[in-house]
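What follows is a pair of complexes built around chain A, which joins chain B in one and chain C in the other.
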Partner chain A sequence: MKPYISLFKMRVLKGLQYKTAAIAGILTQFFWGIMYIMIFEAFYSSTTNPQPISLVELAQVVWLQQSFLVFIMLWFRDNELITQITSGQIAYELCRPMNLYSFWYAKLIAQRLSAAMLRCLPILLVASLLPEPYRFSLPPDLITFLLFIVTLFLGLLLIVSISMMIYISIFYTMSGTGSLLIFGVFGEFFAGMLIPVPLMPDALRRVVYLLPFRYASDLPFRIYAGNIGTREAIISIGVQILWLSVLVLIGRMWIKNALRRVVIQGG
Partner chain B sequence: MKLYFKYMSVLLRSQMAYRASFILLSIGQFFVPFLAFISIVLFFQRFPSVVGWSLYQVALCYSVVHMAFAISECCVRGFDSFSSLIVNGDFDRILVRPRSTVLQVLGSKFEFTRVGRLTQSLVVLIYALINLDVQWSPYKLLTLLFMIISGVFIFSGIYILGATLCFWTVEGLEVVNILTDGGREMAQYPLNIYKDWMRKFFTFVIPFGTINYLPLMFIFDKTEGNSLVYMLIPLVGILFIIPCLMIWGFGVKQYQSTGS
Partner chain C sequence: MIEVQSLCKSFKVSKRKAGIGAAIGSFFNPQYRTVEALKNISFTIGEGEIVGYIGPNGAGKSTTIKVMSGILVPDSGRCNIQEITPWKNRINHVKNIGVVFGQRSQLWWDLPVLDSFNLLKDIYKVPEKEYQNNLDLLTATLDLSDIMTTPVRQLSLGQRMRCEIAASLLHSPKILFLDEPTIGLDAISKIAVRNFIKTINKEKKVTVILTTHDMNDIDTLAERIILIGKGQILLDGALTELKRKFATHKTITVDYSELYSDINIEGIRILSQENQRLSLSVPLDRFNVSEVIGQLSQQMEIMDVSVENRPIEEIIVDLYKEHQL
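Presenting the complex of A and B:
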């Protein structure tokens, strides 16, 4: 476990170096957040029917989406990993006395964590100073907050295990662009990033609940907003763990298979 | 101008060399905005209208903005990825050639895979035109055409501004995305659904309003007073490129190579 932890630390420190990029990212995400809430506000103002999620709750979801964007984005990619696979430098990685799957897993999580650490607090802080309905507020109670933290981290593990699949597929296709694009676009849609899950038509929502994508972003954020009750949240944690173990298991088997095919030439 | 098309045909041929990858990327480019449009349709299933605009009216607005975005992303890609020219030092080579820098940077890259996005917005445009209940006249069609052309110029202007920033710093260029991607997302809805300050910024500073809200009023017969003004407003948006090019010229003069 120790090598994974130190690798993890190194990555986090490396990520914290890029401060300008982080500030630029914060500004960008702040703009997107405001814009989305304005669009939702405009839609909400055109009807008096009650909606399955209130505008204030939706604002919480939007701000969490923006500040934890790097946690939940499938297209957040590590070019280093991709070049390693396509250029054959993977040979060095294989020499290390570590399990390749766990090694990459630690690396990818660290990357997302370091990127999010810099961004989430400033965005949420400024957002909590805005007037209603744009304001980001505290969760209704402590249990909600704890459930949010637990589901958020399980969600991070889930997203990384999905993106591991994308990287492993590069062993076969030699180019990540295609699979990243397809996974990224559809994953984003099914995670409720384009249209919030509660506002989807019933049939679509049923499909979305069956897929893993929403359990990484929609679930923790709506728990925070108070849109999902405690009982449903606890059941969903079970679903998260189930998906996580299935995906990690498949990923490990698949990478073993892929590595068996790898032929290292010369040296 | 002849040189520009020469650049274009060379790059087209080089991208066509990998035909399968080109087709796949184009198809991918078709689906990215397509799902965004599906989401808009889904929104309208739940909400009847947005500040008085119907789905088809928004669809028209959406298709115009996305079409302009696709064309400018294809043709002005050189400016979008300009930071790599600076970092590699390739810009120094451009400076010593006896042709204008704008032309050469424009010709340095084309993204023909944006054909996918363009097709998508054409489909949405046709969908909107079939379903809209509007008395079309030659003037309105002309206005629509002006809107697209002007949109291309506005997006190009923003790309040029972003590239000019590279003369001073190549870090934190993500901010430019607020104006390009953000501008696109924002202008796909009529601007009057937003708060006042937001609308004013995107009308008077970055003139998205001239291709969006104002001419749309004319097309949907919501105008009061002289409609000729509304018709010609998109052309004002084209003027946006002039200050952008001036700032670019200033940047080129300031530029000091990194040496070696």
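Presenting the complex of A and C:
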């Protein structure tokens, strides 16, 4: 386990080097957050029907989405990993006495974690000073908060196991653009990043609940907002673990196959 | 220690002509040709040897190194390195080897060198004491003490290469594969790297296999060379033997102040004659160098004489020619 922890530490160290990127990210995400809530405010004020999620709850979801963006976005990629595959730099990774899947997994989690560490607190802090309905507030109770932490963490693992598929596909396609775009767009939509899952039509929502994407973002954020009850949350943790095991298993088998036929590019 | 037997590997390479038309054509009907990178490669290398693995570009040198380090699976053939087949048991195999790919970097670009080293220590699970010993030795012999805390991106190529070599030896591997370790280095760095390779070979009995295009590397390091061309082994033997076989001539260069008569010795070729300097190529099977100098001194007022062996570059060029590479 120690090598993975050190690798993790290294990646965090590297991520913390990019401070300006973090500041730029914070400002962008803050802007997006306000914009989203304004749109939803207009939507809520134009409808008289009761909606399955209140505007205040939705504001919590939006702020969490924005501050943990790097946790949950599939397009947040590690360019270094991609060039490693396409340029043959991967030769060195394969010279290490480690399982490549776990090696990359640790790296990718660290990358997202280090990026989020710099970004989430400032956004949430400023958002908590805003007036209603823009304000970001504390969760209803401690259990909700704990469930949020657990599901958020499992969601991170889930997202990384999905993004591993993107990286493995590059062994075959030699370019990350296609897989990233497809996974990015579909993933974002089915995670409820564009239209909040509670506002989706029933049929679509059923599809969304079957796919893994929403379990990384929609689930933990709505738990925090108090829109998902404890019972449903606990069942959902089971679903998260199930998806996680399936995806990791497939990923491991796939990478094994890819390595058997891998061509180390370049001389 | 290293046994390679009838290794074969072929690659599918897409081919297409330049231009938009060809690009569109290959979109619908991609054309491939098969390149046989390795054809029936076999050799055995014993413990403590330094072997120079040479050949022109595209001969299959790097491919062989990749197979031997377990990162490339060959089409057929056997390879046994310390009782392990590299590509079948990669993780156990790579614990025992160090690899330097001269054209790539294993250090973390944005972080100080020492961070990368510490990570490697944990990855290879090197005990603290052994790591400190190795690090001290490497720092001293490769002269790294000043650059350990510098981010890798701010190192010069020579400094970085010395760090790369150090990085591949932190876990005390018994075998070291060096794929063009001196590429792009200046003379001083090259000498430092060479001396270092010699030292670890002598003191730690590390087996070294190195590919290079710099014949001076081979000359100073390798006792044995394996010449590969178009995926086949063309020659495998001691360097001295090779020199004896191909160094059939010596070059005599004379500076003179006065010439009494034209130089014309039957069987000796004049390479150049200008500005009171004469260069001759003397075939050693028919002439004795001192005799030739004696003869020359009767025909001219000699100021200076030098006798040179044929440089190894030329021998290699001859070898390539002989095998039509």
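Definition applied: the second predicted complex is superposed on the first by the 262 of 267 C-alpha atoms of A that agree within 3 Å, B and C clash if a C-alpha of one lies under 4 Å from a C-alpha of the other, contacts with A are read in each partner's own complex, and residues count from 1 in each chain.
Everything below uses one rule, namely that a contact is a pair of C-beta atoms (placed from the backbone, for glycine too) under 8 Å apart; a residue touches a chain by one contact, two chains touch by 3 or more.
Keep in mind that this is a model prediction, so the values were computed, not measured.
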First (chain B), second (chain C), both or neither touched by A:V248: neither
Partner chain in contact with A:I162 - chain B first, chain C second, else both or neither: neither
Chain B versus chain C, judged by how many residues of chain A each one touches: B
Partner chain in contact with A:G25 - chain B first, chain C second, else both or neither: first
Touched partner set for A:L108, first chain B, second chain C, both or neither: neither
Which superposed partner A:C95 touches (first chain B, second chain C, both, neither): second
First, second, both or neither for A:I223, with chain B first and chain C second: neither
Set intersection of chain A contacts, chain C complex versus chain B complex: none
Interface residues, chain A side, partner chain C - complex: 2-3, 5-7, 10, 13-14, 17, 88-89, 91-92, 94-99, 260-264, 266-267
Chain A contact footprint on chain B (complex, rising order): 21, 24-25, 28, 31-32, 35-36, 38-39, 42-43, 45-52, 169, 171-175, 177-178, 182, 185-186, 189, 193-195, 198
Partner chain B, residues of chain A touching it in the complex: 18, 20-21, 23-25, 27-28, 31-32, 34-35, 38-39, 42-47, 51, 175, 177-178, 181-182, 185-186, 188-189, 194-195, 199-201, 204
List of chain C residues in touch with chain A within their complex: 11, 57-58, 62, 66, 69-73, 90-92, 94-95, 97, 99, 101, 103-106, 108, 110-111, 115-116, 118-119, 122-125
